[in-house]
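Structure record follows, encoded as structure tokens.
Order as written gives the chain letters A, B, C, D, E, F, G and H; numbering starts at 1 within each chain.
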Amino acid sequence: MANRIVISEQLCKGCGLCVVACPHNLIEMSTELNKHGFFPAVITPDAMLSCTGCTFCAQVCPDVAIEVFRER
Amino acid sequence: MANRIVISEQLCKGCGLCVVACPHNLIEMSTELNKHGFFPAVITPDAMLSCTGCTFCAQVCPDVAIEVFRER
Amino acid sequence: MSIENVEAMKQVFSRPASLNAVQTHFCPGCQHGVIHRLVAQAMDAFDIQAQTIGVASVGCSVFLYGYFGIDVIEAPHGRAPAVATGAKRVHPQRPVFTYQGDGDLAAIGTSEIIHCANRGEPITVIFVNNTTYGMTGGQMAPTTLPSQKTSTSPYGRNTSKDGYPIRMTELLAGLEGTAYAARVAVDTPQHVLQAGKAIKKAFQTQLRDNGFGFVEVLSTCPTNWGMNPVDANARVAEEMIPYFPLGVFKDAAAQGE
Amino acid sequence: MSIENVEAMKQVFSRPASLNAVQTHFCPGCQHGVIHRLVAQAMDAFDIQAQTIGVASVGCSVFLYGYFGIDVIEAPHGRAPAVATGAKRVHPQRPVFTYQGDGDLAAIGTSEIIHCANRGEPITVIFVNNTTYGMTGGQMAPTTLPSQKTSTSPYGRNTSKDGYPIRMTELLAGLEGTAYAARVAVDTPQHVLQAGKAIKKAFQTQLRDNGFGFVEVLSTCPTNWGMNPVDANARVAEEMIPYFPLGVFKDAAAQGE
Amino acid sequence: MNHDVFMAGFGGKGVLLIGNLLAYATILEGNNASYFPAYGVEKRGGAANCTVVMSDTTVGSPVVGEPEAAILMNPAAMTQFYPRVRRGGLALINSSLIEDDGSSRTDLTAIAIPANDMALEIGDSRLVNMVMLGAYIEYSKFVRPETVKEALKEVLPERNHRFLPFNYTALEAGAAYLRKALA
Amino acid sequence: MNHDVFMAGFGGKGVLLIGNLLAYATILEGNNASYFPAYGVEKRGGAANCTVVMSDTTVGSPVVGEPEAAILMNPAAMTQFYPRVRRGGLALINSSLIEDDGSSRTDLTAIAIPANDMALEIGDSRLVNMVMLGAYIEYSKFVRPETVKEALKEVLPERNHRFLPFNYTALEAGAAYLRKALA
Amino acid sequence: MTKRLFVKGNEAVAMGALEAGCRYYFGYPITPQSDIPEYIAREMPALGGEFIQAESEIASINMLLGASACGARAMTSSSSPGISLKQEGISYMAGSECPGLIVNICRSGPGLGGIDASQADYFQATKGGGHGGYHLIVLAPSSVQEMYDLTMLAFDLSDRYRVPAMILADAVIGQMKEALEPHPYVAPDDLQPKDWALIGPGERGVNKVVKSLYLGDGELEQHNLKLHRKYAEMQEKEVRYEGYELDDAELVVTAYGSTARIAHTAVRMARQQGYKVGLLRPITLFPFPKEAYKHHTAAGQKVLCVELNTGQMVDDVRLAVPCVEVEFYGRAPGAGSLPTPEELFAQIRLHCEVRS
Amino acid sequence: MTKRLFVKGNEAVAMGALEAGCRYYFGYPITPQSDIPEYIAREMPALGGEFIQAESEIASINMLLGASACGARAMTSSSSPGISLKQEGISYMAGSECPGLIVNICRSGPGLGGIDASQADYFQATKGGGHGGYHLIVLAPSSVQEMYDLTMLAFDLSDRYRVPAMILADAVIGQMKEALEPHPYVAPDDLQPKDWALIGPGERGVNKVVKSLYLGDGELEQHNLKLHRKYAEMQEKEVRYEGYELDDAELVVTAYGSTARIAHTAVRMARQQGYKVGLLRPITLFPFPKEAYKHHTAAGQKVLCVELNTGQMVDDVRLAVPCVEVEFYGRAPGAGSLPTPEELFAQIRLHCEVRS
């Protein structure tokens, strides 16, 4: 699959809501602080392969930190 | 019948509501002003004979100007 | 009619003891007078006059303290339910009631009545809806009927700009805190009797069930309606009751029973 | 993830144009952020950003003007509906909306929202219910749930003294002037999508039907609830929705159709 | 030149109407006038009074402590306001309702006018105020009777214009009475 | 005798806690102290700072324009507040986060303390503030370290008392570092 | 000469407002000012404007804030208790630099008080009854004509400075009738378009905000200083007062609004009897005509300040001329407490020796 | 020595109120005073009193009116915008002679402004922000201890005169922590029972009314004069202020509340450098310590009034000593505008020559 999400490290406040929302459990929290002092959400390239582009993660993100792309 | 109503000339403001309320149409308005400048409601001794003591006139009187008495 | 005549008889209608024997300042035919009597009668019924604290609102009924033999606080316009709340919390054992007009309760005092009802303050509220601001000379009220002309709706209430008349009883009945809510009228002897019962019930709700009791009474304002008292009274049935239906909209005690 | 990668793809989720690309001041996990996005999305959908006048209330959402690319008036606490009324009467052709918290709308602003709805002002109201006063540090709100502990209900909301939480949507749906009233949540992706639709509908009510549209959004305040964002989010379904049922409580347009 | 007159009665509207008329007529003639009403505690019914101040220059205070002239329509007005009339001034006393003939003061001109009786004679008890106004304008001579009539015509709604003649008659009767009284 | 110290950091709670502690300890010793917090725009997160004024007589202003001492926890605090430290005063600079060593000023005592590193070494990054407080009380000598420990014990909820030893260690480490730096 | 109408002061306010282009009115009934909304309710529809009888005074002032923020000429009116309720909103308008007209036809208080004239709201109007230390432009009409004229002026000044304006009158000026010569409103040439007003960002592509929240370090202080610069500018340019027989006056009577009329008659009485007395009547209560007092008083001269209250404006007079003897004569407001010209004449005689 | 607690100013108000027997609190959250309702919400249940978080500031003040009318010791607290909303209710309390405590922990304004300290509500508090020309008893604590002590005093004075009392403090005094020595409340011996209070007519057989409506001719005037006689009596008996180094002072610095603390430090600095300067700190803002200013100034001496506003109390100082030179130094309130001791010291140097 070639669906993708882009998480903005700078906008993310590390709330973890996307982690819960992803039906495939693809997102996890980084262990490194961003410049605002939060641990941002990240997705590994591996996990990304399973992304369906369903936008659930983005829907619940309070900080509009996630963009979602689907194969054309 | 020996039912009676007593209309206080001083309390009555001449609104006429009792006139309408009496099911037997016993009350009428005086043609003489009372000291407050109103034409008070009155009942003639004749009309009084037909009073059933139903209290309707008194129920609607905004000025609590009517007392009603029934035969014991 | 001489007094002797009646002494041998049974008095079946008399001035309630809680109502002072003075002439009111109300206009001829104004039904504030009837409603005052019914409130006094309710106080008599429960023999609470000596304990009761009334809260007067700003409107034609502001002179409450001259008519009832009870303690009275005069509240700012619309705030009677808040004032009553303060009073009731201090004297939880004493009956407290407010007496408010439709401008007072349904316009400026909207917030206070809603939150007072919602808290379920154990007080009694008598709400006199005469579809206008009586005291200030007949301006449009939140209860003014569609197309009704008043001094500030000279072309008639325009529902598309001014909205529809608010049915406060229904609104308040929807709140959990409201234990009793009814709408009555005093335009006919039968309605007066029903109104008296509702007002008693609203006091009983406070006294027995420690709940918030509310009675809306449809009333006339002949002066500002520009009608004689008899025509004004007829308007209640013709125009008001169709829009403001009479009835008990909530009775938590009955539901509970 | 490099930008090149995604350029060949179709973007199915992106920041709405009406929402400025800045980081908000909201706490991590605060759903004001989601709700902001949905409002922006509705403005995008009708392409009205360039005309819209927003009215900010006092609460955590007071910085509205920093986030939306629209004109904004900052209203005093609770008065946004009155401010919006003034604005809308001056600009009847421009979309006007208010964005208010539960302290703002359901406590101090009760009177203003009720009368604004009752007049049927053609504005849109977004009502964010997070069962507390977020901005001032988590005091009890009129929407605080029974037994919920807050800084001013340290032993839990006591319904016998404080009353029950008010269901504003139901209350407003009962008014003639209200054209659309719905309650939504943003705790799950599905709910977010429904919420987005309701908010669009509330704007459409204003734009197409010249009516008053109201959407209550159940939201979290992780900070003042003393919960992490995920637990806070779970509370919405567990505790809030049971008391504040989701749904469309009035849709005059649908009824009319 | 300045004139002021105070009018007090019961039931309100009557004295307020003639006060209005007098001030308006003064203005129609190009002079200045103020009209200031005062209600009692209650707005409807109850006592009411008003003050009219007229001037060919500017009108200062619209209220006057000791009015130059007073129109007193009923016993309550007489009791309360007669003592306040300015020395050398005028009191027009409605003797139909007021028993007191004003003889307690000799430092002013007190004229008893049986205004209710005159009004009833003309045909309507409500004309009582017009009778008094007629007398006042005859005495003060600051405004012409014709202007007052003109003012009345403007003030009265079209549908009531049929009552104008009665009002004119009342004004004239008041003036005539005054002339006779002073003669 | 009067002392004042200003503390600024990020994330708020840390400096507010040690400010509180310092003032409270002062009071426990029978002297006077004021503690005055200032939040930034936002209440949570964001910058926060506080001022503690101590005195064996009365405390006047709870705010100070040019503090006698400053505890500067991060670069933002350094930039904004270092220039304001009183001439002849003291600046405790958290060199774990702040690159600037304070050499721009020679009219005061600037001491760089790698507080984060020290805290981590003791076992918890949150102890960073305690390290700085330890250094300050060692320098100012207005309040005894024991009193600060006692104050901490009173302030900390019972269930957190197990962390007390780490805090004590941090306080002592700060003091030791200060002694060495000045030696 | 244009036709002279015979109208109530309250009606003159309404007429002046409509003539000045005010097309938005928001109010709530209260005696003795209800003639204003009643007049406007009748006339506004034909003019295509909006009249809203709001649910409260608080809603009214906030509707005014909203309309003003959108660039409209708009107003509200009330009387004392209602004006008290508007204080938060007034403070917001001041803080957000929203122009607009607030009319206070004062009644007696405190509390419910009574419906008679009062000047006891002077402090509230001029010193900021709301929080935060702002000022309003406060105009005090003393005649029906001024009710009309100053209403127009109030809109112009308010728009020019972006400072809300208040007409401070009382039951006497509001309820009395006298001649009014209406005249067409002419907008001042130098009145700027309201390019700060909200119309949606579309036309200019940049979004605007009307607010009073300033949280950044120093921001609010700067904002407050800006407001105070405007007040200082008004103090320089916008002071208005009227003098009567001041030139050789040994005693300067000072009063505004209704009491100024009474004082005017009293001064006239006194002059007729040879007393060297004049009247200084502030028309702008804020900005206060400080310089006028300095100019018209000098060593040996006295000021007698007359108010229908227990002493408010007298403080401003004393501050204006600290070393001049300033006497005060006041009546606490309430039914029957309006002073008469004779009463004030007696006061004049107390404080002034006969001359000439 | 009793135990010295380390508490916030706001908490000290709450503690003082509860200690003084206040058992009814009605309020609405607003920064920077929310610690007061929060403290009371925690402590009141155990004391058997009532804490109500009302739906608004308006409801709060009216609940206070109701509780006070029933004879209870009761209070409300808020901050500037909320206090503006209470103005009508405050005027009613004043008019109905209802005692009670209103706490204003001022924040910066106008409008929403900011949450920082401010002294810009001085006029509102002392001159009557509401209508009708009443006064409140206004106490200005300058320390956490005084927040406690003056809260107790406020209840006593308020009950004694049947005049509502206000604690006027700001974010500095409310938010700062320092030592507090709590002490038991001792009711003054001469405090009369509230036989005017409502308890239902039963016990005494006569019904009582708490009202502010006086429509009869002359009634309201008499009522107002009665109120003003009480104000005059307070002016005589209840003035409180504190002097520091005033005896030989050439320059009298004057300030209240938070700025007085800062000024105190500045005066101490100045004294250390030999400046003959002292501090006069009003504790009662109404009644204002006029006599104290007269007493502590004489020809040649200057006063420097320091406020966190653009000049309010300075008017009262000038009115107290009209012929003394009174300088003003103020900062318009807002984040970062609190003056520092150094800043005030610079002002002292400007206005005072070095002595000794």
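Convention: a residue touches a chain if its C-beta (ideal position, glycine included) is under 8 Å from a C-beta of that chain, and two chains touch if they have at least 3 such contacts.
Bear in mind the structure is a predicted one, so any value in this text is a computation, not a measurement.
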Each chain counted as touching chain B and chain D at once: C
Count of contact steps on the shortest path from chain B to chain C: 1
Chain pair showing more contacts of the two, F-H and A-D: A-D
Euclidean distance of C-alpha centroids - chain C vs chain G, Å: 39
Approximate Å spacing (C-alpha centroids) for the pair chain B, chain F: 89
Chain A and chain H: spacing of chain centres that average the CA atoms, whole Å: 54
For chain A paired with chain C, centre-to-centre distance based on mean C-alpha positions, whole Å: 60
Interface hub residues of chain A, defined as touching at least two other chains: none
Junction residues of chain D - those touching two or more other chains: 27, 62, 74, 76, 107-108, 110-111, 114-115, 137, 142, 161-162
Set of chain H residues in contact with two or more other chains: 50, 52, 55-56, 58, 81, 88, 92, 96, 111-112, 211-213, 215-216, 335
Of all residues in chain C, those that touch chain H in their complex: 49-53, 55-56, 62, 65, 68-76, 79, 82-91, 94-95, 111-112, 114-115
Touch list for chain C against partner chain D, complex: 107-111, 114-115, 118-120, 142, 159-164, 166, 170-171, 174-177
Sites on chain H touched by chain C in the complex: 24, 26, 50, 52, 54-56, 58-60, 62-72, 74, 88-89, 92, 96, 198-203, 205, 207-213
Residue ranges of chain H touching chain F (in the complex, touch as defined): 1, 4, 6, 172, 175-179, 258, 261-262, 264-266, 268, 335, 338, 340-343
List of chain D residues in touch with chain A within their complex: 1, 5-6, 8-15, 19, 23-24, 26-34, 37, 186-189, 192-193, 222, 228-230, 233
